[in-house]
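Below you'll find the structures, each written out as structure tokens.
Each of the next two complexes has chain A plus one more chain, namely chain B in the first and chain C in the second.
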Partner chain A sequence: MFFLQILVNGLVVSIQVALLATSLHLIHRVAKTYLLSLSAVLVLAAYGTHVLLQLNLPLLLAMLGGIAVSALFNWLSFFLLKAYIEKDQDLLGLLVSLALGLGMEAILAMAFGSKAIFLIDTVLPTYEWAGIIITQVGFWTLICGVVIGLAAFISLHLLPLGRAIRAVQQHGECATLVGIQERKVQWMVFGVAGAMAGLMGILTSMNTALTPHAGFDFIILAFAAVLVGGVKDLRGILLGSFLLVLTPELLTSFEVAGVSISYSWYLAIVFAVATLVLLLKPQGILSLSIRKS
Partner chain B sequence: MNYLLTIASRLGQNLSMGVGIHTVFSLGGLFFLGFPGVMAVSAYTLAILEMAGWSSGAAFLTALLAAFLMGLFFSLLYVRISDDSFVVLSLISVVAVETLANSWSSLTNGTLGISGIARPALFPDLFSLTVGITLVAILLLMAEYVLLRTPLGRSIRAFKEGALLLSSMGISKNSIGIVLILSSSLIFSLAGIFIVWRVQVIDPSFSSLYLLIEIVTIGIIAMRPQLRYLLLATCFVVLIPELLRFLDLPSTLFGHLRSLLYSTMLIILIHLMRDKLYIHNRKV
Partner chain C sequence: MNKVFSLAVLSALLMSCAVTESAGLDLSETVKLGVIAPMSGDAAAFGEEQKHVLDYAVAQKNSEGGVQYELVYEDGQCNGPEAVTAFQKLVDVDGVDFILGGLCSSESLAIAPLLESSGVIAMSSLSSSPELANVSPNFISFSYSDSAVGIGIADELKQFETVAIITEQNDYNTALTDVVVAELEGAGVEIVYNEEFEKGETQFRSMIQELKAAGADAILFNPNLGVSAESLVRQMAEVSEWQPHLVGGIVLKMPSIIEIAPEFLEGSVAIDVDTLESPAFMAIYDEINADYGNTTNIGSFYVGATLDAFLVMTELIEEFEGNTEEMKTALRSRTFSVNTGEIFFGDQTFSQSNSTSRFVIQSGRAVKSNQ
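Take a look at the complex of A and B:
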């Protein structure tokens, strides 16, 4: 039963990481860069929700407001990065996005202080089923994760929108020649990815304390999932998310060979697993090996 | 007087780190972002061994060895995985090392860190340490000056310009990458050791992403091979935030404002210099 409880808790966190990793994957598809400023998007959405809750808005409206703020910030990121995207200077774009994320976190720290904030002051309601307990937030995270994940998969593979995204990914200029507006697709993807990341930031902050630097640990997990899964393969990214979250969850919850590992080793275990997988499968778990020439 | 000595020693240590980032990033074009983690591992090794009673010399050499081993680890990653993955994984390593330092409290004393680290007999006070780190920085600058005029230096510059063309001339891209990673790891380790000797305390926040931003800013400003740009970049990056001290700001805001200043500087500099950061490939 304890094992199932750990599995459910790990599943909730895996879904959060998977959705963040999906945002990174979508952005990489259309912009060929890694958007490190998504760490700031997470906390910005949560702080936006917090401010709107302080103004006595209903929770749902406050969440929508927070998500809108995160989408706007992601559009700002795209505005700053589009010059690098056009010239295929993806690593410079990575540095700019890192600086943007850290700068926004510094602004949030100056505005709100470094003290931890809780979006929900009261005890979280829980659901129990067959002895397994899950918080209401965790339950809704699972629902959102499944719905958004299915929507992303269907959009990318079955709808014209997905074809447009894949066309822009493969060759932006040729996509423009056949009538797909590359810039419009990029704006849309950045907005949607920002909204997804914002939603995850809000749901995560309902479960844990919110600080200005809380986003970076999550985005590191998401990045590792993208690398481990293979940056071009959404299925691999989802698998990578589960692998990188469940492995440390299980290792820190149970004794291994008489040794119990503290939860504070979480990120170190993630790094070790990611490194091991990449050394064995450099292109990702589900990617085919590429012959070196 | 102590303040001026502190600024002078920060200039020396940042210049040393500047030589490291100049070699690997500005000249070699290799986005190796794991150097704060290497610095932290090296500095913690020195601190732990000195507190365990080792002599400063033995602890110093072991710390350099630890940095070399970490450099070897990153070199293995560089050879095995793609460039993009290497950049992101080296970035993740910074956070991983910080987490390790926080978690392994039996060795590192966790969040509280290790304090009371003794300076070596060669540098008993801040003045002698400042002189020492300045001399080390000058030696590193001279070494880079000489390196740029050797075949290896030309290979490093060619590595940035066109790695494939370099390979076609019989020089392995991987071997140049390994040389860059190992040499920069040792240089950063040296700077980290001097920082620990100066402040005589180390905690998990010793090497953070803000240090990475600061040093990459130096690398961006000093993108050209001429060393005078490196000197100018170091002075700019160290001295500009010191102007904040003349503003009447609460101490809680100062650190965040400094981080914001470095982040903004980096964004503006990359934006202004982006076309110069990549060498236009010669047509063949």
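Take a look at the complex of A and C:
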């Protein structure tokens, strides 16, 4: 039962990282750059929700408002990064997006202060089943993660939208020649990715606490998950997210060969796992199956 | 000519590197007092409340006429590197020779080695890490040492057979845990779980399950005030049918922590210095809270300690016209009659005279109880 409880706790965090990693992946597909400013997007959505809650809006409406703010900020990011994307200057785009994210976090810190905000004032209500406890926010995080993950997978592989994204990813100019509007696809993906990151930020902030720099740890984990999973493979990225979160979660909760590993080693374990996977599978964790197909 | 010029420059440089001492101030001009405290970050509540007290103190002092004082606040962010930056700015840019701070032990530990060479005297009112003991002849603290609180907490925990410990990784909390562990091991109490977490951590659910599985009779609850303490209480309270016996320091008796989950914390015990309750002091305390801002998190003792630091500093500045060497001698040899009692430092960092009290959380409040 203890093992299952730790697994459930780890799955909630894994889903959070997977959502953010999926956003990074989608943007990389159409823009060939890693939008590290997503770290600011997720806290911006949470602060937007907080402001709307202070104005006594119902929770769902406040969340929708927060998600809208995050999508808008991501569109702004696209507008600012367009020039680098067009010239295939992906490294410069990455650096500019990092600066944009850090700048937005600094603005949020000035506006709201560094003190933590709890979106839900009270102790979180929980569901309990067979001795396993999960907060209601955690439960809905799992549900959202599964739904969005399935939707992303289906869209990318089965729907015309997915074909359009893959076409833009492979060659934007040729895609335009066959009637796919590259710019429109990019705008849409940035908006959707921003909304996903925003939703993740709101759920995470509800489940723990909101501070201006809370997104930074998650973007590092999500970025590592993208590298571990293989930049172009969504399945690998999702698997990488679970691997990078569940491994330290389990190692720090149980004794391994009589040795108890402290929680302060969490990030060290994440990067050790990432390094090991990349040494063994430099193209990504599922790269072998990609080559075969 | 070039040789002479070079020698002159070299001499000037060497002289500027010599140990400095404030030889005296012109007290007809406003005297600047530096303040290093966390004005942002998790511990900002402490810094803001201390500011309320100091603003009151300087206003009262200046209204008496005589020497005028100005407080120069710098944000130490409750961490060493920022405290050093704050110190350098105060000393090199603002030209202060007297500092009220650091507030946090990590701030004081960082600036203490710099004081003697800079000729600066620092007096803290809240720093309490035992590592500050004899750290610098230019540093004293009006707080108690965590050794006293640690011993008090350990005395509370000795009545149990098994104890679990959860500690935030910062100077104050780890020093407190070290004292408690040493006492408990000496008393033969079994420590079944001992975990540290990073400063500012907010995800505790797996750690809490481990804590629960350890099945200890009591838990040393040792985060610092801020997001970690609040998150920990919230997430512990989520676990149904589990009400562990928590024992902690000042954080556990803070209203901002108790109000998160008062039923969950019912019966928890906090060990802290005694409150100051004399009518004369309470009048000052109420005036500060009414006119300058809330001080309920730092509590009456630390309000008193902050006022004491300000009073002693200004008294010595005026008596010795800012001569720091003479001020140091007086600081080490005199007994001061102040809000927190009769204070004598001798060659120690901490006053010899503070004692702790036991507070039990009852009906959402920390109530003094020596049972």
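Methods note: the second predicted complex is superposed on the first by the 287 of 293 C-alpha atoms of A that agree within 3 Å, B and C clash if a C-alpha of one lies under 4 Å from a C-alpha of the other, contacts with A are read in each partner's own complex, and residues count from 1 in each chain.
In this section, contacts are C-beta pairs under 8 Å (C-beta built on N, C-alpha and C of every residue); 3 or more make two chains touch, one makes a residue touch a chain.
Just so it is clear, the structure is predicted and the values come from calculations on it, not from any experiment.
With chain A as the common reference, chain B sits beside chain C without any clash. In the superposition on chain A, contact of A:90 is made with chain B only, not with chain C. Residue contacts after overlaying the shared chain place A:282 against chain B, while chain C stays out of touching range.
In the superposition on chain A, A:9 contacts chain C only, with no contact to chain B. Looking at the shared chain after the overlay, A:252 reaches chain C, while chain B stays out of its contact range. Contacts of A:34 after superposition on the shared chain: chain B is touched, whereas chain C is not. Judged by the number of chain A residues each one touches, B leads among chain B and chain C.
Taking Cα centres throughout, chain A sits at the apex of an angle toward chain B and chain C that amounts to 60 degrees, reported as a multiple of 10.
By the touch criterion defined above, A:264 lies against chain B and chain C together after alignment on the C-alpha atoms of chain A. In the superposed pair of complexes, A:274 makes contact with chain B only, with no contact to chain C.
Remark: least CA distance from chain B to chain C after fitting both complexes onto chain A is 5 Å.
Across the two superposed structures, the residue set of chain A contacted by chain B and also by chain C is 109, 113-114, 262, 264.
Residues 40-42, 44-45, 169, 195-198, 200-203, 205-207, 209-210, 213, 226-227, 230-231, 234, 237-240, 260-261, 264 of chain C are the ones that touch chain A when the two sit in their complex. Every residue of chain A that touches chain B in the complex is listed here, in rising order: 34, 36, 80, 83-84, 87, 89-92, 94-96, 98-100, 102-103, 105-107, 109-110, 113-114, 216-217, 220, 223-224, 226-227, 231, 262, 264-268, 270-271, 274-275, 278-279, 282-283.
Per the touch definition, chain A reaches chain C in the complex via residues 2, 5-6, 9-10, 13, 109, 113-116, 118, 123-124, 126, 128, 133, 135, 208-209, 211, 214, 249, 252-253, 262-264. Listing the residues of chain B that touch chain A in their complex gives 31, 76-77, 80-85, 87-89, 91-93, 95-96, 99-100, 102-103, 209-210, 213, 216, 252-253, 256-257, 259-260, 262-264, 266-267, 270-271, 274, 277-278.
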